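Some structures are shown below for you to check.
You will see chain A twice below: alongside chain B first, and alongside chain C after that.
Here is the complex of A and B:
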């Protein structure tokens, strides 16, 4: 039964034009991240050449090659931004469409007129979202490998591929949190638009507001791949910094930075610990979705707006 | 005749305002905006208060010591509002898109659009009335956000915004109203152009994402100096002069990069608002006319967008079928 619900949901997603458009945008931005990485690679080479010439003309020694300072996977550092921005919105949409559509079309009423377990239905929906996001993440990973091949002129080594795999596994987990938020909001609201906008409100709070409170990261600074938290010399941050571990947007960025070696080094166990709150949030939300589906009145059609 | 026209426009505007303030989702989004704004200003003000106390202690000591020439304060209370403007850029735009979406979808869902169209109301009056109502709602939102932000600076930062700063602040918030009106028109335009209203909302949010988050981020990422932590030119041991000299070889690249940034309406609003609120130190010593001259292109773009989007919205409202077709959601 779980497999049937999941298959039906995946088929339904494939037919959704809005979903396909958002997916197209995410894939395009993944490709753009590669192009930007390639462009930054070229710029550094050219700036370095010019710097060597300029310093030679002044009789000064050539500076060290900046590529020695730039890790191999740093070409993909923009993905650390596109996943929480575009990817998370795409995931919200996946979660929202999974449940809102059944209510609008009356499919929910039809399904529950049969002997169908609510827990099985909810699990099927979660599995469908997990598979859809898994495929998206795999496509993004494929594109990233092509970008690295083009920029570096060689396929990434095994270690780099392992790191890339870990980064995309973490991204998948992070996106699952937002898919589950989309489902929860759809189940809690009567109106379809209210469900979508409430989920967006949650995304705004997680992505911009919480990092500002816990680390003093300004909203537009959230668009930088590396989080630069405020010092804890201010009394305010001495208190709020304690909540940093539950700021999943920051934990995701930090963990991604360590996996891609674009952030200062830290012990591996610490990076693993950063994934725990994300995993915990996903598990909690999955339980909430199952509980809400059990209580939800599918005989009532969603009110439009 | 003109009087009746005005009455019709005002009736639509009043309806728009009442319906907006009754919308729960708008109230929730406004609460997020106000709490986030207050938080950002309080965080910035906490450090500011201690710097201000240091300056005042230095000033008192200098006066007591008979020093006649005292250095002016390098602190700018207006700059503490940076977070408030950044939240307006992001959350304010989402609120405006939602407001625009609700303007169209409300009439569709309540089936009041055919009724409205059966009355002697032209699409111009409908657009003008809706826009007027939206401007009133947006002004209320901005006024509430300003009040919270200014109070936070005074109470937490122990520095109140003076008369000279008030003029600049008003200009910045006028720009914020124009910015939000543009996104309101975008939300109404895409919803009116979509058979399923929620799809229109999603399209508007997609455009918002590109304009507000992606284009500025790409522009920043392409900046040569941002290629390495700590700055590429610093890593190469080059000072500002060396950077300028090298960048002359990258004129085309820099043009493309700045054009990408300039394609974002949000960037123009940000440049104007930051210039008005002393965020950029190089602008702090300028008089208001000089400041306005410095940001003249951003002003021009703000005016163009604020005029163009409502015109496009009028066209969409005129073209939408008076009897809803397909799903209304």
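Here is the complex of A and C:
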């Protein structure tokens, strides 16, 4: 029954225009990250080549190619921003669409007048979201590999591929948190617009508000990892900065930065620890979705808009 | 299977502190087409929601095919079909895909065959590969009935099945209900406002007024009891006491 629910949800999702449009945007941004990386790489290499020729003409030694000093995956550093921005919005939509149709159109009445367990139904929906996001993340990973191939003129090595795999696995887990937020909001709201808006509110808080508090109101905290969060004289923000380990947006960005070798080095165990609050949030939200489905009144349909 | 198809004893439901269903007692034999009448908000849909296991009663018991709707939910749902009012299926999926989904949820093994046979039985095989989102109300209603009977339940619940249908659609639905009752032996429990349909289709009726069952008898007995009334509409109005 879990497989039946998951299969139906994936089929339905695949045909929804709003989902396809958001997916197209995310894939386009992933490709753009590659193109931007390739373009800046190309420009710098061209300037470097000109400089080498100029220096050689003057009989001076040339400095090493800057890209030989940079990590192989640094071209994808923009992805660390695109995933929490566009990717998380796409995940919210996946979660919202998973339950909103059944909840608002009254299809839940048809489903639960069958031999369907509520826990099985909720699990099927979560599995569908996990598979959908898994496919999206795999497509993004494929595009990233193509970008690296074009920019570097060779396929990334095994170590780089491993790091890329780890980065996208972490991204999948992070996106699952938002898919589950989308589901929770759909279950708690009887209006489609309110369900989506409250989920987006949660996204704004997690992505922008909390990182500001836990980084001492550093303006760039929403986009870039902040090394010294407690470097503020204000007592309030010194206190809020202590909550940093549970700021999943910051932990995601830091862990991703370490995986892609674009952030200052830290021990591997510390990077692993950064994934724990994300995993914990996903598990907690999954349990909440199952519990909410179990006690939800599917006997009534609402008007939607 | 012996005993009545549906048996309700002292059934009640409270919603937000208000008593919307009060001490309802009702027994419906197998093979009956039962018309459940009552004004808006009388508690008809609440009764169907309880009988289809979507809602738990606040007090009293309800048995469908001898199984308790609360304690034996899975046994009840295995053998009932349900068509809510204003049925909406997954609009992005075809009729066949929708039916396949509901057939699989019902645990059918030969799903493809069940779907094809059901569409054929309802004379709507031509709709199989079209997306439900493009259907008219009448077409959606036919697919709605198809999902309700794809697993060949013995009891079928219909909640305002004629809502939004044109006269031709109503006539087609009436014939479908009679066919299902005759060909497949289904007991039909129908909430409706359409008194003309009730008099043409139903074998027994019940009237619910403000959550209380005020009348329950066969159509024959009803006509016998109210010899002065010209139509079921007159009988119904008199029962509800809305005429001076």
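Going forward, the second predicted complex is superposed on the first by the 264 of 305 C-alpha atoms of A that agree within 3 Å, B and C clash if a C-alpha of one lies under 4 Å from a C-alpha of the other, contacts with A are read in each partner's own complex, and residues count from 1 in each chain.
Convention: contacts are C-beta pairs under 8 Å (C-beta built on N, C-alpha and C of every residue); 3 or more make two chains touch, one makes a residue touch a chain.
Computed from a predicted model, the values in this text were never measured in an experiment.
Of the two partner chains placed by the overlay, only chain C lies in contact with A:115; chain B stays clear of it. Look at A:106: by the touch rule set out above, it reaches chain C but stays clear of chain B. The partner that reaches more residues of chain A, of the two candidates chain B and chain C, is B.
By the touch criterion defined above, A:22 reaches chain B but does not reach chain C. Contacts of A:297 after superposition on the shared chain: chain C is touched, whereas chain B is not.
In the superposed pair of complexes, A:85 makes contact with chain B only, with no contact to chain C. By the touch criterion defined above, A:39 reaches chain B but does not reach chain C.
Overlap of the chain B and chain C interfaces on chain A comprises no residues.
For chain A in complex with chain B, the touching residues are 17-18, 21-22, 25, 29, 32, 36, 39-40, 43-44, 46-48, 50-51, 54-55, 63, 66, 69-70, 78, 81, 85-86, 89, 93, 104, 192-194, 196-198, 200-201, 204-205, 208-209, 212-213, 216, 218-220, 223-224, 226, 230, 234-236, 262, 302-305.
Contact residues on chain C toward chain A in their complex (touch as defined above): 49, 52-55, 74, 77-78, 80, 82, 84, 86-90, 92-93, 97, 101-102, 104-107, 147, 157. Residue ranges of chain A in contact with chain C, taken from their complex: 1, 4-5, 8, 11-12, 15-16, 101, 105-107, 109-116, 297-299, 301.
The part of chain B that touches chain A in the complex is made up of residues 24-25, 28-29, 32, 35-36, 39-40, 42-43, 46-47, 82-83, 86-87, 89-91, 94, 98, 101-102, 105-106, 109, 197-199, 201-203, 205-206, 209-210, 213-214, 216-218, 220-222, 224, 227-229, 232-233, 235-238, 242, 245-246, 249-250, 253, 270, 327-329.
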